[in-house]
């Protein structure tokens, strides 16, 4: 590729700031509420090894639900297809933390990107490893080439207020869908959400998703090509809370967002773009982040559609 | 009243046994599962002071959801009408432990006799008393004239397996409907369900419900006449899980059942009848108990309809 | 009974008028919307043959959902217990015209007093009679001793705007729950709702419900004692839309309301009281009518609880 | 493109037949039930003008829900973005003909590819045209270059049995979401489903979806590039009933299926592939058709992921 990625990213970083002020920082835990709303980082990493950034691309933030992509990848790598006995693969159509669908479907979550599904994945990781939290940190660190850490203050804060997630976990346990203890599953889940990373690190860490499962640089085979496509398909159909359809239209890339303000998007075969800006729209997705991804697709034509 | 209650109760005790074998003992916790399925006790207490019994009327059993009537009475007595800010008063139409309705109604349970509603009542009792468990035992002991106890083995067993109730409590907490800590509310709830009483004790304890709120014998004013009617109305419209309509037709008395196999029924102005037999029908109500109450109404005409 | 019913009814007619102005006349069809909101009729008929009235007790109004009691009685009389293969007998917990529960329960309505259930009853009446509309008029006329008529303007207006009922009927038809054609069932249903009667007529027509199924005066056996109890139980648990629990507490009598502003209530073994006043509260029940019934129970103690 | 498309399509036509016998022909109307289950046609058309086919590629079949793509395109072309006031753009998560979600969302369907959404689109087309049926036939005929017709026997059969669709339409009408008369909307909808086309015609007709909205050959601008991306995004997230996630993984192309056994799939920028084979899997998608599309993607790598 001969594009001048740096110039493009600089332009997008400049232009996407029009969206500042159109949303609200997540406030359900103090650790997230006190983040500076005007932060904005953007990074792009190609499968060829190029990486460019602009803005607060090295500021650590809470990756929150973006972690669901990585725990899913780790679970598919280590546990394999039997994972799907515990979680489905279809869009949910309901809010990310709804219990209604779960009751109708006897405790088996619809997909790994709603909270219930991520809890099921966390349960499987915990059941198959003596030190699931440590394993996840190593996985993330290996992918991005830096020692990644949990933000323990965020994890603790999530645990104290996470009654909806506790309800989901106990509910699944009541259906026999969780193997481990509820407390252990919640602990793993709250910690994965509290991983602190920058967009530069996230863009690099997710590259295997744009490269048929092989992490460029290390050439580590993280997933098979089919498993990688599975994750990308899930991201496109379930990755943006209840704005999946709108995002698929406006951006048209597999992506996963988190309430910390981060989003990663995949251009299959080519690159990862990661954005971070804390103000969220009504669907829980970063306002400036979504705007940046829209501009990216408008200016490159790199939508999958 | 000049009836020969003893002869009637003896007859019913004899005839209702045709229903043995038509249901199953509750098996979700070991402490309940190992109860002898052929136990059957029946007791009748009148507001005039008469009391008769037959069969295993002095065998202690786990009163389970029958306790919901007594915690509701205690909460109405001590907290008053503000209780209704935390729990509704309408039939639910869904299973007793469903989370669906709770989500649609933002965490406020439909009535005090579904599990979510009983948790809300337990929360209020806990929030208004330093020793809610002790207070409940005293309340029950005063009503029946004997020192009532928890079956701690049952309470512990419930706590270990009560994930559905934990889900309900965390869910309500996430909506801000519970004032106290989830663990405290669950502890109170699991203990109230584990109160061990006999039909003789239950019939006597519930007499105030047939006497406009005044407990015969002690003449203690437990509730106002209106509050008493409120409880009776709730029992008739919400007291028998999802067999409310069927029971209202076949028996036509305000009543509350529990999965321990107990049922209490109120003949307003006249008497209480309490039955116990562990085999449950598909709706979770005692098979022999329901049969006994049907026979009682057939032979006395004392339905409210 | 030696009460002075006339004096009581006069008092209640005077005192219940405090509730004028607290609700709104039904406006979904013009024929109902233009009714004078200050109309108020009240009638009481005893099983001993006494009948007293006050106010607009001889004004004809659209009985609307009060008709559901009579079509149910007629269906039970002529079709018998097989009716229950087409409609359930439990409280619904959802709005009277909801389709949600119907979908979960595969098209079988929860009870005969929600719209779906009344459509199922209308279907059975239509399927078992060449002239179901004429038969219903005769049934009502025989009960009240006057030639009862449909208000055809109301029926036509209902048909033109009754898309929710049409949706319910087509939905049940899609599940195979209706035997007849959707158009015929809707026609029967819209006409039964449009029956025009006065409180004096309604009180007399419903007397068999207070008299174990036998219509006083004619001594016609309309229903068996058990069937009668069934209807009374359904009225108490399902008769007042989503205010069943509240009404059971405040009044404590089997009753059925309609959006025309009418309500009939049963004192088993004794009497029927019928009220009519068009202003409806948020639950769709007559404000002045509910107030009148509350006063009646307060002053006579004739609640079933 | 220098591929030998004919050879590829011939191979796929041969190999995909392993899926014969794994499903059932739609049987809800006689006109569909009597189709020969062993039919299998496949056609591919490129934006460059090449077209190849194999098997029963010129056999006419009922396109059923595949029509939803074309009515959506026609409505977007003629009505524009105001269409979205009447129908949403997000995955539904419920069955294609569910009324539940519709009730929760006050009658506005979740997307144009569930039945309720297609009815809303049909309503808009009917409201904006004196002869909506004729206009649709011209639109389809212009796209595929042949005079397309309705199969009137199928349309009539749908109308006679389409109570679920009638329920949906009346339900939306009751919420004020439909502008036209229910009967007119249903008539338009049942006819659009009964359009008879071959895979050769469908592949050609849909080419504008692979060509940024411009129909190759005629160079007619059907839609803007953004509108085209919108439809493709909707197809990928909502086009395959409740197998969206699975199909996105296995095939990874925007696609729309119908119970007649047809599926069209879009390779953006390149081509359309259309398949037809009547046996349906449990999700209502053609077994052999899905198999053929899987093979196509395996052998060409032309998934969007």
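Lettered A, B, C and D in written order, each chain numbered from 1.
Following the convention adopted for this analysis, contacts are C-beta pairs under 8 Å (C-beta built on N, C-alpha and C of every residue); 3 or more make two chains touch, one makes a residue touch a chain.
Every value quoted in this text rests on a predicted model; they were computed, and no experiment measured them.
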Legend entry - Remotest chain, chain B as reference, centres from CA atoms: D
Inset, instruction - Identify, among A-D, B-C or A-B, the interface equivalent of C-D, where equivalent means over half of the contact pairs coincide by residue number. - result: A-B
Legend entry - Rounded Å distance, chain A centre to chain D centre (Cα mean): 32
Legend entry - Distance between the centres, which are taken as Cα means, of chain B and chain A, whole angstrom: 47
Legend entry - chain A and chain C, separation of their C-alpha mean positions in angstrom: 56
Legend entry - Touching two or more other chains - residues of chain B: none
Inset, instruction - Make each chain a node and each touching pair an edge, then name the shape: line, ring, star, complete, other. - result: ring
Legend entry - Interchain pairs in contact, sorted by label: A-B, A-D, B-C, C-D
Legend entry - Residues of chain B that touch chain C when the two form their complex: 88-94, 101, 110-111, 226, 228-230, 232-234, 236-238, 242-246, 248-249, 252, 254, 268, 303-305
Legend entry - Touching residues (chain side chain B, partner chain A) in the complex: 98-100, 102-104, 163-164, 166-171, 173-174, 182
